[in-house]
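Paired with subunit B in one complex and with subunit C in the other, subunit A is shared by the two complexes that follow.
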Partner chain A sequence: MPVDEAIPSVRPAPAGRTDGTPPRQRVPRARAASRGGRRAERLAPFVLLAPALLILALLRFWPLLLGVNFSFTGDGDRNGLMVGLDNYRELFGDPLFRGALRNVGLLVLLLPVAVAIPGLLATFIYLRVPGHRLFRSVYFFPAVLSPVIVGAIFNLLLAFDGPLNALLGGVGIGPVDWLGDPDVAMFVVVGVHVWATFGMALVVFLAGFATLDASLLDAARVDGASLPQTIRHVIVPSLSRTIQFVFVTTMIGMLTSMFGLLYVMTSGGPEGSTYLPEYYIWIQQGQMNRPALASAASTVLFLIMLVVGLLQISLLRRAVREA
Partner chain B sequence: MKQRAVWSAVLVAALALAGCGSATDTRSSPGGADGKLVVWDWKSGEATAGAYLQKAKADFAKKHPNVTVEFVAQPYEQYYTLLGTAIQAGKGPDVILFNGGGQIRDRADALLPLDEYVAEDRQRLAGWEAFSKDGKTYAGPVTLQGHPIYYNRTLYEKAGLDPANPAKTWPEFVANCATLTKQTGAKCLALGNKEGFGIQFFLSAFGTGVFTPQEQDDWIAGKRDWNSPHVKRIFALWKETQDAKLNSDGANSTAMFNDSFAIFQSAKAAHVIGLMSDIGHWKDFSEFVTAEKLGVMRAPVVVPGATPNLPYDGGIGYGVAKWTKDPKVAADLVRSLTSTDALKSFYADAGAIASDTTIDVSQGGPAVATIVADLKAGKPALHVALSSKTLELMGRISQQLLSGSITVDEAVKQLAASDQAG
Partner chain C sequence: MSQARWGRWLLAVPMAVLALATVYPLVFTANVAMKTRRDYILDRFSLADALHWENIATAWNSVGMARYLANSVVVVTVSVFLLLLFGSMAGFALSQLRFRGSSVLFLCCLAALFVPFQVIMVPLARIMGDAGLVDTYPGLVLAYVAQFLPFTIFLMTSYYRTIPPEIIDAARIDGNDVYGVYRRIMLPLGTPALLSVGILNALFCWNDVLISLLLMPSADHRTLMVGVTSLRGQYSDDIPTFASGVLIAAVPVLVIYLFLQRQIADGVAAGATKG
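Presenting the complex of A and B:
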């Protein structure tokens, strides 16, 4: 415990005494009182921690354990019976769930794009392209819309007989079934998600830019660096921590808050191509009446998030240490 | 970092250990306080259900003046999720509104068999089959839900076809479609298969033109021969409608509710397989396709020997939770909710074909009259007999059939496996 180490360095005291009072200078009664005080003092941190720990234990870990426990029981006729790993076996045998996991992989692969877009746009705003004030607010605007509204808007825009296809038809390109073609739909949904959420990341980037040392940019300009060179050698290294942060938050956003969009835009289709674990869980629990299987899927999703989260934390740590 | 790794290892170990713990407790606890019944539905919030509930409550109050009834309207989108939670907890509402078919059968464990209470209503009401499992009845039907093939008589007239004489055979139907599209520019069928519902309606409506009556009965009874050429014919027919360009564009990205119905209403397609109650039906269409201009036809005969009929089942109905305190009182509430008077209001206000066959519908226009006349010869819808799991798979496979990424043989094979497993 860092606290234990800190005290002796401030107030040297014999071992075993944490309150730092010199021994043998107290009358017995005072010693007794101080012993009680010491006990209270020793307990104090635990008492102060208790509410937080209790809330965590009761409302987080206990339900988590119950959920995991539940995932080892059966559904329907076997309700309440222990079935071992049956649910997990079924889960990984289900092409739909495997597809959902593949889509998670796809999201991870698309992550750099989702981070690069707000990063680049923020750079342009920082470099004061004409109209940058307008863009700053316009870019943020979608972030205040709920996924359902965003989904509904894009449903209309991307409908087979919708305006986008009409536009494409106008320039002689055949209509694309944006939300009906399994090879295209997932990218469309991710694209819409990025469109709807990049405003937040943009704001974070702009905040990062505020800490950027302007003299470095001036120096680069004086040295005749081109825009790509400036971005590569000045902006990216200076903003490494901001970029890391945006990576983490964007990843979490993609894995946990695409449900609304999926629900409204594709319902997991076409042909099951836009399933994500979240959506799968919801379908199994709500539509198929398979709560135990849904628990198993939740557990898998939890483990994925745990691994991704730990990886990102360690990456962040390393980056901070290097910075 | 090391400490974190240790802690996460401990956490994972604890989670694994938890798996060895006890099974879930599913004992039911008594729900419903004295003199109070709680009803869950997704209807009572709608204005059109007001008069219906008023009458049902009044009827119930006559029998049990001391019992208060509380209706809790849940959002339909989350209805079965919320209900699933209540069932897991073993407590919740006393009386529960259900969709017929898979939704109630999957949850029959949590419900009380009502046979002894509803014996008197057997003859008066139709649609019991959809609320029964293994010979026991779990709910009293409120509406009938079916899948008539509606057509736009105006488009028929414009195309020079006789609206009183829709096609009787498949070749005739395809020829009519060609004429319709050529003369009016409208597609033949409005199809929305984004959620995979399109195939369900198609199977039930056009399936009656492929199956013999015996095959239909067997299918409903659970004796489904997925290897029979007729089953394959239905799925081949589904693909054919797409290949022959009968369907409206972008079916896989068009939502059935309500985009496909909108296509029909705006006369961009001449036919649509709709519903009888709630939504996507004669009353819904009447705003744009008036009652006189709306026709209802039976499926064309695809395979000789088939006698096309109207596929219908119990639509929605009220069941009683097995944890209710006094089953008799709860069952009486179900009976009040299915009384003739109450159902008459439901038919008139919400535009539903009520389960009570004694209600007079002559004011509703030719489409309603045809539907009600067809009820007698009608049979349960084919898709309702399938489990939710198979239906979900069928939805995905039907999209693959439309896009051509799967063969009919492979599709039927996968469906057979799913149907026989469940």
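Presenting the complex of A and C:
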């Protein structure tokens, strides 16, 4: 069934209550309630929230603090001892971690492409290109597959003696060692990640388009605007919030959900060229038994994500204002 | 006008090519899974001459896929149930009840949304280890619940805010206490959102590999996705069996996608538009 006629099952919250404050008091205190009953009523919100808050506090916020603390302690013989910034010094001296940071830079550079592809496709679907319903459901489907499965499929396709090279060989190109060439492998993995996730961003864009004022588009059409002009002067400014959101979530996705692909497709190789911070953390924790060093890398990753998020938001704000 | 229509058809061409590129890798894998080894080596692209289901059987039997599948089903089912239970309870409290600190608590849940697993995984592994929960089902379930709860609370809160207060007033006048309102009003009315969020959470948990790899190290506790990663080493020279294993792991999700596509897309869109 096409996603097209979807009635959003989660409707927008009414205006004025988006700040997390509950609605005005309106429940008349149960007249017959005893004093004990009233106390139970007062406690009820906390009882309802207790499991969630307990889990979040214990398994998300506490580890976050613990991790920052770990990163200043030693591994192995110096387990538990405070070692100051030693882990961070080691981290930034490690060519693998520096490579991981370089790859983060590469991701930032590729980010506009990863956002533009679903953005353009969503525009075309919104403009009702023939077959848009079919396209929409086809494009979304890799997004539901696990990175592990996607990685395994592309391992098959991209093997040195695999089908893609056989195809290219047929027209006299290659063979290219897609996953074995340090200059190529990272681009290939990012490409596969984009292949697997652009459907998510596409759906988000389409949700944004649903809020777009159609009369603006009509006006542009009446004025004889070309498609690129319409995109630049009507669609981009009206969808600035959506675009901003997709930028941030795509970057977060690149920083935190490529582990499965890296694990299956390259294991960080060849020559450590496809390391990302998350993969480095995993290797240090899971393989090298260096939890403190891994914690330092975690802290760096967290800072990177904060900076990336804040930077992008402010850059985009400015870009939109100037447009 | 006709020029515009031509333009649309021109756009449809690259889009169709891209659609093919989206589907082809999976079709290729399915085709390879049905071929004999010899056929694959001779020609990678030709259609399978017959459906060689024996590859599927080999993959299924030899690496303990059945065991992995059962592990995944158990862990995902329990995790999603707890996520929906805790998420709807919290969402109800945060959206419809008035109490001191409610907006602070909502912000806490939002903040948790921005703590990625990679950042907390090392200390989390230690906490789980200290509690004796590493390599146990409850440990993995707890980790999944903690991972996806912020998102669940967020969506349930947004959804419950759309329920008119009058409905709750009426239920209160009928003599329900808060818990009665939750059970008799909020749970049934929340069904569409619970379904959407539940499917998304099921996908997230089912597709996870990092958390499972970290917290379920022993071979017979592997979830299906971790199991798939071990296929490669085993069948590096038997590509059809490898492809069969991948296909087995992909089929449940593909079936779910075919039937519940709308809910999945809605959930993603809802998550975005609330941000």
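Operating definition for what follows: the second predicted complex is superposed on the first by the 247 of 323 C-alpha atoms of A that agree within 3 Å, B and C clash if a C-alpha of one lies under 4 Å from a C-alpha of the other, contacts with A are read in each partner's own complex, and residues count from 1 in each chain.
Basically, a residue touches a chain if its C-beta (ideal position, glycine included) is under 8 Å from a C-beta of that chain, and two chains touch if they have at least 3 such contacts.
Please read these numbers as outputs of a predicted model, since none were measured by experiment.
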Subunit B versus subunit C as contact partner of A:Gly76, first or second or both or neither: first
Touching partner for A:Ala40 - first (subunit B), second (subunit C), both, neither: second
Subunit B versus subunit C as contact partner of A:Phe160, first or second or both or neither: first
Which of subunit B and subunit C A:Thr266 touches, first, second, both or neither: first
Superposed model, subunit A: greater residue contact from subunit B or subunit C: C
First (subunit B), second (subunit C), both or neither touched by A:Val203: second
Subunit B versus subunit C as contact partner of A:Phe187, first or second or both or neither: neither
First (subunit B), second (subunit C), both or neither touched by A:Ser314: first
Touched partner set for A:Leu56, first subunit B, second subunit C, both or neither: second
Touched partner set for A:Tyr88, first subunit B, second subunit C, both or neither: neither
On subunit A, positions contacted by subunit B and by subunit C: 64, 66, 70, 282, 285-286, 291, 299
Subunit A to subunit C touching residues, read off their complex: 1, 3, 6, 8-14, 17, 19-28, 30, 37, 40-42, 44-46, 48-49, 51-53, 55-56, 58-64, 66-67, 70, 121, 124, 127-131, 134-135, 137-149, 152-157, 162-163, 166-167, 195, 200, 203-204, 206-208, 211, 227, 242, 245-246, 249, 252, 255-256, 259-260, 263-264, 277-278, 281-282, 285-286, 291, 294-295, 298-299, 301-302, 305, 309
Sites on subunit C touched by subunit A in the complex: 7-9, 11-12, 15-16, 18-19, 21-23, 25-26, 28-29, 32, 44-45, 85-87, 89-90, 92-99, 102-103, 105-109, 112, 114-127, 142-143, 145-146, 149-150, 153, 155, 158-159, 161-162, 165, 168-169, 172-173, 175, 177-179, 182, 192-193, 195-196, 203, 206-210, 213-214, 225-226, 228-229, 231-232, 239, 242-243, 246, 249-250, 253-254, 256-257, 261-270, 272-275
Subunit A to subunit B touching residues, read off their complex: 64-66, 68-73, 76, 79-82, 96, 158-161, 175, 177-182, 185, 266-267, 269-272, 282-283, 285-289, 291, 299, 303, 306, 310, 313-314, 317
Residue ranges of subunit B in contact with subunit A within the complex: 1, 4-5, 8, 12, 14-15, 18-19, 21-26, 78, 80-81, 84, 88, 106-107, 109, 194-196, 249-254, 259, 388-389, 392, 395-396, 399-400, 403, 405
